[in-house]
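Next come two complexes, and both contain chain A; in the first it sits with chain B, in the second with chain C.
Let's look at the complex of A and B:
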């Protein structure tokens, strides 16, 4: 497969074009001087300037970030707890049912999740706003966190925890001082996953948000219905940039750590 | 030598540091430990030996506090430790996987237990340095566990479990992950450290050579029961059953019937056309009773000519020779097809040996070389 062939070149070009063409067009048009989305009228960064003046958009960004941080943190705590219990509790009657119930929201249609939460909030008379979106996002993000964390816990050597207990830790200290630092990478990726899920959720947020709270996806969706503005292109370009930088940094860091660990292990084996 | 006199199990006034009283442990229907009673004394190096699944690890985990007995009590220095959780016991354990904390340096690994006791900072430092010196790991204190070799990790695990100066140290297959040469060196190091610190060690192993090398006493276990507890030489020379004889070292087991007894000399008839075996036992064997004659290969002499004056001589044919360098093991087939193993030191060059494959040879042993077992 190393050899260059026309077939390979075509496949890869088509594949990447399919994936990235829409985004490239979006990025290019964010620098369009014209107000019309489909007409190119020269390079300009004015839409970025206008975006920063638009308080409605900035408010939406702020609400989204607030919701994402709070819900992903809550989901990480709950999801880690759920994963820990499911992995550690061993066998008990109904274990399969329980673990199935934790993972069920993964495949539940968002519309149903959103609707059921809406009914619940109305039923208990809770005012809808930022807080209800946070609760809703926590609900569906925690099962993602739980999946990520439990796959790490399954391969976790339980004798590490026993060693901590043996050396005088209470069970909580053992978790905090030994288990948590070791599974931290999985917990962090769970948090990041929950954060991204919350960031781009439109359906559930639309159901559970009140008139006082509008998230960015909601804002974009509602403005697009009135016509695509280059401002939205600019905003989307910024989001793509943030996500790209985040992903590249994270993978570079983890790759560098893996390489360093491997090198050190080899050095230790040689010196023995 | 002082070491030879260390035998608190023979002293009726000695107080055991650990006392298991009729301990039973069940996992569902499976009986891991079956009504077991045993004493372990202070400063002992006690080995629990047995095949996997014999309950030795369960016994150790009950001492550490990770399992609780279903029935019976375990006393540590006279105190019932049943209700005490593992983090409150003056017992530390060295894990088979070493269980070093990968996110902490070797220094912090050793200090981990001391810090949990809220020991003052400078004392923690002193104690860690002492442990590093004891295990010769001073140079590696700042490294992480993955930055040192397997043998060094083993020493860190030992240092960490000894740091809190426990009354009792449990070692779960401590040398299982090391290669043979390193394992032998480490065995002596372990004994050395045990002597220096005066800690009571309980070691779990399936390696009989390891148990024999390090331990003051060995307990051979099978199916949740202790079959025999004795010093290594007593276990080897006077096993109390064919199970122990067979588990420890190499042995020839011959089943026969006691046909005559003159004082301690017992005559065993075991096969048509083969001479009777003369053995020694202080136990009376009634006529016709089934006995098992157990004899170690190294106690059987092998020669090309019939030796004079031996109590037992049997002729056979060399079937196989296992050459191990310093010794050779000969598999000799008797006329009735029974195979007996004999071992001889290779104190002459192999080329000067007077017999080889397919040759007729004479096996001989004295009347006290083997032992008679009832089961």
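Let's look at the complex of A and C:
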């Protein structure tokens, strides 16, 4: 009954063309020799050369990566704890407020999150810089991590943990040896999500960064506001390449694991 | 003890970095700026005990909110944000539904790849995705070059820096948010229901409207809210693709804060934006709950 019609084929083709065309154009024109971005004047990689020599960009990349690694790691720890609390801790005083604070940042407009954190940092007289961006990113990313991890925790058989405790594990050992390996895929995807959110964030970073720290999105922002620039095209191409390679690798790894798991299950079924 | 520390660490973090900042915004929105920089009057003075707290309360006022209602810039910005968010949600639905529909009907072995291709843009920088349209839509951009060389138009179209560009940018960046929930709903749809409808004399079109659309309603609602809610406070898209006439509240808030340095007004703008968002967020939550109940 599910006919795949010409109309369906056309929608998919047009839809994907719409999604990918702008990025493909960006990649092609990053190799344009002309300074006039929209006029093709032959192949060249000179914008990549200029980009790699621009120390302001390289500094911004370093700041961004530093912020993203620190905030996503912190967010993963805090978010996993929060997920544990939400799924396992039952009732406790202030639970409603807690779950509200977990979900609210997910729908909070970035401008408001940024504004409120900046007012806090100014209110307590904290110097703004890398540290304040890390605090800000950790706060909103931990909520995403906790949503991802708690969906995994819900479906996880708690009796395994109880068995570990009965067999003499301390609660920490039970977590480390039983729970963590099982929820690891969710923890890893939570970390990746937090990492990308941090890499990508312009608005919150602009509010919470002081003059001493500029992240890559802030740097891109200040140059694209003036119009299209060939250097940004080159930078975009590099970023698209990194993401594409990363996503393809991740999906190949997960496919391989799925195949291996299936094979092991079949082997187990045969031997049983 | 262990349980206590497990709960208290994330709890305190969120209290300190989510709730307290939010209360500060609320407080500043009710304050007057002394010199356009902190401290704002009133300041809470605990050393005077109750009298200090009372004096603090009595000095808080709604002045900034009154100011927002008097200056029609803010009215217009809220209305135009709502307008842009509604129109672009409808446009995203019109573009996204046929794609989700076709994905759900595609041969099963294609679907994981199609899904990955829909999700892939999520991982690339939002800023870059918006930026990529600047080169396409500008006066001498690729779209105008193409249309001019094909002889379809004789004058370049003005698209960049208009609301049209903002709509295109929003549809483009938020399309996956619309496609994924609709696809999830359509994929579960039982094909035999359509067969039954057609056996009972429905035309294919009316089977679509009477069976497919109602059964994917929850996906459509979820997708629409996932587009509408973030669009309302959007800042990057109207700033890069919109013109000086494109009023959106996220942009006004940013300018109020960074250019005019009027923090009390910026805070009041933020509070009202949140109040507007509360309604769609509650409706969205209710839709999700209904879906969970239907499945559970």
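The rule we apply is simple: the second predicted complex is superposed on the first by the 256 of 272 C-alpha atoms of A that agree within 3 Å, B and C clash if a C-alpha of one lies under 4 Å from a C-alpha of the other, contacts with A are read in each partner's own complex, and residues count from 1 in each chain.
Operating definition for what follows: a residue touches a chain if its C-beta (ideal position, glycine included) is under 8 Å from a C-beta of that chain, and two chains touch if they have at least 3 such contacts.
Note that the structure is a prediction, hence the values are computed from the model and not measured.
The superposed arrangement places chain B and chain C next to each other on chain A without a clash. Figure note: vertex chain A, arms to chain B and chain C, all at CA centres after fitting on chain A; angle 100 degrees, rounded to a multiple of 10.
Looking at the shared chain after the overlay, A:264 reaches chain B, while chain C stays out of its contact range. In the superposition on chain A, contact is made by A:166 with chain B only, not with chain C. When the two structures are aligned on the shared chain, A:91 is found in touch with neither chain B nor chain C.
Once the two structures are superposed, chain B and chain C can be ranked by residues of chain A touched, with C on top. Contact with chain B, but none with chain C, is seen for A:181 once the two complexes are overlaid on the shared chain.
In the superposed pair of complexes, A:115 makes contact with chain C only, with no contact to chain B.
Shared-chain residue A:15: touches chain C; no touch with chain B. Closest C-alpha contact of chain B with chain C, superposed model: 14 Å. Comparing the two complexes, no residue of chain A contacts chain B in one case and chain C in the other. Here chain A touches chain B in the complex through residues 157, 159-160, 162-170, 173, 177-178, 181-182, 261, 264-265, 267-269, 271-272, going by the rule given at the top.
The residues of chain C lying in touch with chain A in their complex are 2-3, 6-7, 9-11, 13-15, 17-22, 24-25, 28, 38, 95, 98-99, 101-107, 114, 116-118, 120-129, 131-136, 138, 140-142, 145, 172, 175, 191-192, 194-195, 229-230, 232-236, 239-240, 250, 253-254, 257, 263, 266-267, 270, 273-274, 277, 281, 284. Contact residues of chain B toward chain A in the complex are 64-66, 85-88, 91-93, 95-97, 99, 101-103, 112-113, 116-117, 143-144, 146-152, 160-161, 164.
Contact residues on chain A toward chain C in their complex (touch as defined above): 1-5, 7-9, 11-12, 15-16, 18-20, 22-23, 25-26, 29, 37-39, 78-79, 81-82, 84-85, 89, 92, 94, 97-98, 101-102, 104-105, 107-112, 115-117, 119-120, 122-123, 135-136, 138-139, 142, 146, 171, 196, 199-200, 202-203, 207, 217, 220-221, 224-225, 227-228, 232-233, 236, 239-240, 243-244, 246-247, 251.
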